[in-house]
Structures are given as C-alpha cells and as structure tokens.
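We just call them A, B and C in the order they show up, numbering each chain from 1.
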Amino acid sequence: MQFTARDISFLLNGTVEGDASATVNRLAKIEEATEGALSFLANPKYESFLYTTGASVVIVNKDQVLASPVSATLVRVENAYSSFAVLLEKYNALKLNKTGIEQPSFIHPTAKIGGNAYVGAFAYVGPGVTVGDNCKIYPNTFIADNVTLGNNVTLFPGVTVYFDCVLGNNVIIHSGTIIGADGFGFAPNADGSYNKIAQIGNVVIEDDVEIGSNTTVDRATMGSTVIRKGVKLDNLVQIAHNVEVGANTVVAAQTGISGSTKIGERVVLGGQVGVVGHITIANGTQVQAQSGVSRVIKEENKPWMGSPAAPYKDHMRSQVVFQRLPELEKRIQELEKIIAELNKNQGN
Amino acid sequence: MQFTARDISFLLNGTVEGDASATVNRLAKIEEATEGALSFLANPKYESFLYTTGASVVIVNKDQVLASPVSATLVRVENAYSSFAVLLEKYNALKLNKTGIEQPSFIHPTAKIGGNAYVGAFAYVGPGVTVGDNCKIYPNTFIADNVTLGNNVTLFPGVTVYFDCVLGNNVIIHSGTIIGADGFGFAPNADGSYNKIAQIGNVVIEDDVEIGSNTTVDRATMGSTVIRKGVKLDNLVQIAHNVEVGANTVVAAQTGISGSTKIGERVVLGGQVGVVGHITIANGTQVQAQSGVSRVIKEENKPWMGSPAAPYKDHMRSQVVFQRLPELEKRIQELEKIIAELNKNQGN
Amino acid sequence: MQFTARDISFLLNGTVEGDASATVNRLAKIEEATEGALSFLANPKYESFLYTTGASVVIVNKDQVLASPVSATLVRVENAYSSFAVLLEKYNALKLNKTGIEQPSFIHPTAKIGGNAYVGAFAYVGPGVTVGDNCKIYPNTFIADNVTLGNNVTLFPGVTVYFDCVLGNNVIIHSGTIIGADGFGFAPNADGSYNKIAQIGNVVIEDDVEIGSNTTVDRATMGSTVIRKGVKLDNLVQIAHNVEVGANTVVAAQTGISGSTKIGERVVLGGQVGVVGHITIANGTQVQAQSGVSRVIKEENKPWMGSPAAPYKDHMRSQVVFQRLPELEKRIQELEKIIAELNKNQGN
C-alpha cells in the first residue's frame, strides 16, 4: 500500500502544503516517524516534533501556525485527530479483509450465513443460527443453537456465544470473550449444599457494541441480560445475569457488575470497579477505578470514588485526611496532655 | 413443548386451582408474563402481580392467601421457588441434550469415553483420558493426557484441562475456564532474572462443583490444588497452586486466592476479594466484596470486610468515621484553638 | 521412569549418604512422601520431617547437620532447593515432549514452521507466520497473519495471537491468553456515542517471558506494547495498549496496567493491583496486593501500598489509625466535653 500526500488530502477533504507527490507506506507517531511514514499532529504538546519529524507527510489542523520551517509535506484538515482515526480505520480494514469459508469448519445445515462472510477454520456455527451480511467469524469461535448475529459482526478467534443470544449490527467481540454462560444462581439447601437455578434467559447485545478480550457476559435467569447500543466493554469485565448496561456506556478492564443491576446511559466505569447487585446507576455517572458502588445512584452526571463509593470530592477530602491520620492522632494526644495539665492546674 | 396445568401439578406433586387444562409453552417472570406463559410467586413483594399477571399458569406456595380474584390457573406446591427451579432445570436439560461424536474431533485411541457422551467438533481428548458416562464435551474443548472425568460432567466450549487433572461426577465448567495451568512459581537469581519452578502436581475437582467462565485454577507445584464437593466458583476467579477450597464454598466473580491457602467449608467470598497465600480461612466465614484477607481467620461463621479485612462491624464503624474525617479534623482544630486561648488566659 | 540415588547424585553433582541403589519413581513433599518417592529439604522449618519421612531419597544442602538418624538415602548438594527445581523441570519436560503435526490442523502454505515442532489438532497458523525451532503449538491455538515466534516457544491450548505480533525465544504462554487484541481506544462524539480508534500497532514479547492463563495483552494503537525479557505475568492480568513492562518484572494475578504506562525493571506488582495510564514506575518498585498506583513513582526499590498507593510505611501507619477511628472520635468527644466544662468554669 502506497499513497501520496495528494491521495490522502483527497480522501480527507484537506489541502496540501508542500510536495503533493510525497509518498507514504505506513503510519507512525510523529516523534518516531521516519521517511515514508505518515503521521499527525493534534496535541499542541507535541508541536516541537513537527519541526524535527522524519515523517514524509503530516496531517495537521487547518489553523496550525508554523513556528519554524517544516520539511514534511503537510495535509491540513478540519480535525487532524479524527482524520487520522479515519485513516487508521481504513488501514485496519485492509488488514482484516478475510472472506470465504475455511475448512475444516462446522456449519450446521440449518444455519443461515449472510453474504460476503468469513468463517474461519475450526469455527462452529450451530443449528438454527442466523448470521447477517459481511460478518467475520474467526477460527475456534463457537456459536450455539439459535443465536442471531446482525450485519457486519466480527467475532475474533475463540469467542463463545451460548444458545439463543442475539447480537445486533456492527458488533465487535474480541478473543476469548464468553457471551451467555449461565448466571451464578444457586439456592441453598439445609445441609449447606446448593441447587443450581437453571438460567434459561439469554443475552441481547445491541448495535455498535465492542467488547474486549476474555470478558464474560452471563445469560439472564429469565428474560435478557442487555448491552445497549454503542456500549464499549474492555477486557476481563464481568457482567452478571439480568444486568442492563445503558447506551454508550464505557466500562474499563477488570470491572464487575453484579446481578440485576441497571447501569444508565453514558456512564463511565473505571478499571477494577465493582458494582453490587439489584441497584440502578444514573445516566452519566462516572466511577473512579477500584471503587465499589454499593447503593443506588440517583443523581445524574456525578463522579464517585472509594469503596464504598462516595461523591468524588467527599471521598478525596476524607482520603487526604486519611493520609495524615497518624499526625491527627498525635494532635489528639497533645490536646489530651494539655487538658490533663489544665485540669490539674484548676484542681479538678 | 407444551404442558397443561395438570401436567405441571402432577410433575411437582401439587394441586390445581382453576382450569386444569390451561396450556403453557414457555417460562416467564410473573410481572412480564403473557398468555401461554408459566410463572411463579415466591417472594411476597411480588404478590400484587399475581392479580394482574398475563400468565396462564402460576405456581404458588400451598398456603398462599388470595386477596383478590386471580385469572391464571394456580398450581399450589410445598415450595413455589424450589418447584420452579425444578422446572427451569428440566427446561434447560431439554436445551442441552446433545449426544454423539461430531466430526472433526480428536479422540486419542487410548482415551476411553463413557456411554451416552457428546463430543463436539474440534474437541480434543488426549491420550489416556477417561471420560465417564453421560458427559458433554463441547466444541473447542481440550482435555490433556491422563485426565479423568467422572459421570455427568459438562465442559462447555473452549474449556481447557491440563494433564493429570481429575474431575468428579456432575461437574459443570463453563467456557474459557482453564484447569491445571502451571502455578506461578519462580526462583529469583542473583542477576534479577527468575528460574521457573516446574509445576508437576495437578488439580482435583470433587463432585457437584460448578465453575463459571474464564476462571483459572492452577495445578499444584507438587500434590494437588483441590476444589471440594459442591463448591461454586463464578467467572474470572483465580485459584492459585496448592489452594484448597472447602466443600460448599461459594466464590463470586473476579476473586483471587493466592497459593497454598486453605479455604474452609461453607465460606462465602464476595466479588473481587483477594486472599493472601499460605493462610487458613475458617468454615462459614463470609467476606464482603473487594475485601483483602491478609491473615488467618480462626473463628468460624464470622463476616469480614475491608482491605486489609477486619471483622465486619469494626470495619463499618471505622468506615463511617472515615467519611467524616474532614469534620473530625475541624473539630480538632477547633479544640486546638480553644485550648490555645485557655492557655493564654491562664498565662501559660 | 525410575532412578537410583546414585543417578540423581550424578545428575545434580552431589554426594550420596546411605544406600546409593535406593530407587525412586516420583516426586513428593517431604511431609507426604512414601516409599519410592524422592523429596528435598531446603526450609529449616521442615527439618523434623527429615527424621520421619517415608521418602526413599531426600536431597539436602551439603552442610545439613543431622540431629537424629535418617532412614532415607541422602543426596547432599550445593543448594537443595534449586537442585530440586532442576529435577522438577526435567520431569516436566518429559511430560511435555510432544512433536509432530497433528491433523486436522490449519497451517497456511506461506507459514514457516521450524524444526522439531509440535502443532496440535485444530491449531491455526496463518499466512506469513514464522515459527522457530522446537516450538510447541497446542490444539485450539490461533496464530494470525505475520506473527513471528522465536525458538522454544510454547503456546498452550487456546492461546490467541493477533496479527503482526512478535514473540522471542523461550516464551511460554498458558491457555486462554490473548496477545494483541485491540487496545481500548474510542473517540467521543457530540451525541455521546464513540468512534473506534483503530489499533494498528502490535505486541512485542521478548525472550524468557512466561504468561499465565486468561491474561490479555493489548496491541498498541501505533508502535508496540512491549513485554521485556524475563517478565513473568500471572493469570487474568490486563496489559493495556502501549504499555511497556520492564525486564524481569513480576505481575501477580488479576492486576491491570492502563494504557501507555511504563513499568520499570525488577518491579513486583502484587495481585489485583491497578496502575493508571500514562505514568512511569521506577525500577525495583514493589506494590502490595489490591493497591492502586495513581501517579509516577520516581524513587527506585521502594514498597507501596493502598488505593491510592502511598509509601508502604506511611500507608500502614494510617491504616493502623483507621482501625481505631471510632476510638479516636470518642477521644475527641471527650475532649470537647472537658473543654466545654473548662470554658464554663472560666466563665467563657
């Protein structure tokens, strides 16, 4: 793949400044780029690299002022960051352009596979499965009975989708992620042992959801565990049975959400956060990493922190004092001494 | 699948109240059920739905008093909750009734597979493996040399069992779980590098254990990592080498137990709990989510919380004050001011 | 496999004390060993077992003094612990000695496989992949386009390596671990939805790295996520995009490192630790389990604890007071009462 500054400018609806025939064949960070590389400048902190970079072409914001001469060809665009993201995406799409059915794979005769699909070797598509158009089902993936996949779904190698689950359009699931395993439900017996409570619901994942690797989303006991449109889940996340995650919510790695909890829209959960079961988290809530949310959050768009989580500022104020606790105790001791002295003086 | 109220009553040893020929073909929650659905009422909080539900048949406790007329046919049983669990289980068993050997799969000639087994495509059963009767080995599962599986074992897709491990009867392991990978053991060298300490033990999982998805149970350095009868492990749990988890203990998602620790019977560990290595946790101990257990717990049946974990009430008392630390500091400042004043007045 | 004390002594460059023809066929802990077992004594705490053990042969340090008669044959060596580790390693190597290409497997015609390789059934080796000599690629493993593996690499069953990643020599990766899935990068839109930022970098894993099971190491946005020589990662660890982990660093289970963070050499991170993104951690830093590192650590070789992490001793001092907070508050109340009294007496 080789492109000129002119090609890129055309693609991004930009304007060229410098040699329009400058050629690039790869993408690189501005501070690391060498000849033949395409780079971008969006963060003003990196501006100095613009004057020293070895990149052949650099994408910049259209109003970028030059403090010194630049040897690279510039492509000026409305928004350098998002333009570069567009290029990255196109580059990646070229990498991930497999189609066709590799052998040996297992596609049940009753499964329906849409047009332009990729089904990798050792992939398993069970009875009654429906796969939309332009789907990529990588090797070692397992899709159980009666699962439905929308269009443009990508399941990377080793994804497992249990029976009856439903995935919308443009869903991306990375390797090792398990959709629809049994929720963790057991009824205690008098002798201390447990009976399994069968989990007969499913998981519904709406459009434009991306899920990282080795994440687990359990099926509902009854009804559905639901991941709404546009949600992004990172790696090693745990979503328990009957949870609902609201649209465009983002969940960082190693966070866990307990059963039947309902997370609002546009919520951001940091890494290693825990959320107890059977509660509701308001839209726009932000929870700092490692926090533990133990009760309902009703007010929207507030930041929370700590375990148990408290409003961010309250927690930070307590945390600051926590770090001075030994000093605080000394001050109390000092007061006790003085008061004992005062009392003595007063003859008490 | 279609059943009448009479069929269900017969199955559950109950009595019918209303139209015994009412027919159902699916299960649903009482608050969501529509015609043709079977539901149940166990929790008094949901009683109001009994009078408004669209379900055709509802299972209730035999002593349920009716405050209003009910349109659904009732099946009265000893315990509505456990009766419904029985039905769920039967429903699920119908879903998971695969048998036979799918092709292509890999079964080593020296492996022994019991009667009525399911071995999915792309499953791998290594040399010397013994599989009991009625086992279900789903696609993409790997069973290494000399592993032994009891009867009625279910390994969902993508489970890996390393060599020499032993699984009892009725064990269920969900997708992506790894049994018997090497424990994390390294001996430091003078130059800062490490030598691997070979892990030559195994994992023993006793009867009636269920393990969630993407959990890891490491093999022992020597001897066995042991998961006792009836233990339930949730998703993304880490069990290190030489750990022993006592009978009927329940471990919630994302919890980790470090090497050589011995967890008692009927212990409940919440989610994201950490337990240090080489300690013992008494029977019946309950540990709140996100706690960190850093020392031996000798007294049985006590609740613990915090990181490091303290007795639950003690931790809660400290936690309450933690949230008022800024106020506490102000009170100390106030005292200091007053005392400085008093001292001045006394001419100190 | 059967060995005499003489064989073992020869192998370990030791000296025999007792019956040189004593025969062993397995390894066992000194406190559990029975006739025919080989054991070792390194930790003085276990010395008493030396006089009661059923082991036929025991490896001891050359300067071990005997307080009582010993029935087992002794093999005296420079360092009993490391000698035993050598034996364990040899024992294990005999267990994991598979070679050859099992069928059905998928090896793309453009892939190059080195000498003496094992490629298990249902393993997938993509186009342009290079595999060094003596590699073991277990069943259900996926190696994407243009991946490079050095010599003596072991990928246990179900490992996934995404395209363009590079693994050095002697790398061991346990089951279910995902190398090179997309980093978690999304650009927010005005309507609350997100655009995916394509992740076009790779993962580079240097020589002598071992990674546990179900761990995730994400590919860089651009450039490389780098795991330096000799690093050991435990199970369920999360390494985000563009992270660098320094040589000989050890990371315990369920720990997560956020994007672009640079961990120094010889760092030890306990279990369930979180490290925020875009920071640097100095060489030799030790972080206690469940801690959260939220800022740069510049000073080398220091221990840290807490969330947010503070220097170990500082945190412990605060933690000790935390546990006495209710008492502290009472002391303040007491002071307030006395002072109110004093004030009254002074007529204030």
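The rule we apply is simple: contacts are C-beta pairs under 8 Å (C-beta built on N, C-alpha and C of every residue); 3 or more make two chains touch, one makes a residue touch a chain.
Not measured: the values here are computed from a predicted model.
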Equivalent-chain rotation between chain B and chain A, CA atoms, steps of 5 degrees: 120
Homomeric contact chain B-chain C: same or different residue positions, threshold half: different
Computed distance of Cα centres, chain C from chain B, in Å: 25
Sequence positions of chain B contacting 2 or more other chains: 104, 122, 140, 158, 176, 214, 236, 254, 272, 307, 322, 324-325, 328, 332, 335, 339, 342
Contact set on chain C toward chain B in their complex: 27-29, 32, 81-82, 85, 88-89, 91-92, 95, 102, 104, 120-122, 138-140, 156-158, 172, 174-176, 208, 210, 212-214, 230, 232, 234-236, 247-248, 250, 252-254, 265-266, 271-272, 289-290, 307, 319, 322-326, 328-329, 332, 335-336, 339, 342-343, 346
Chain A contact footprint on chain C (complex, rising order): 104, 106, 122, 124, 140, 142, 144-145, 158, 160, 162-163, 176, 178, 181-182, 184, 186-187, 192-200, 214-216, 218, 221-223, 236, 238, 240, 254, 256, 258, 272, 274, 276, 292, 307-308, 310, 314, 317-318, 320-322, 324-325, 328, 331-332, 335, 338-339, 342, 345
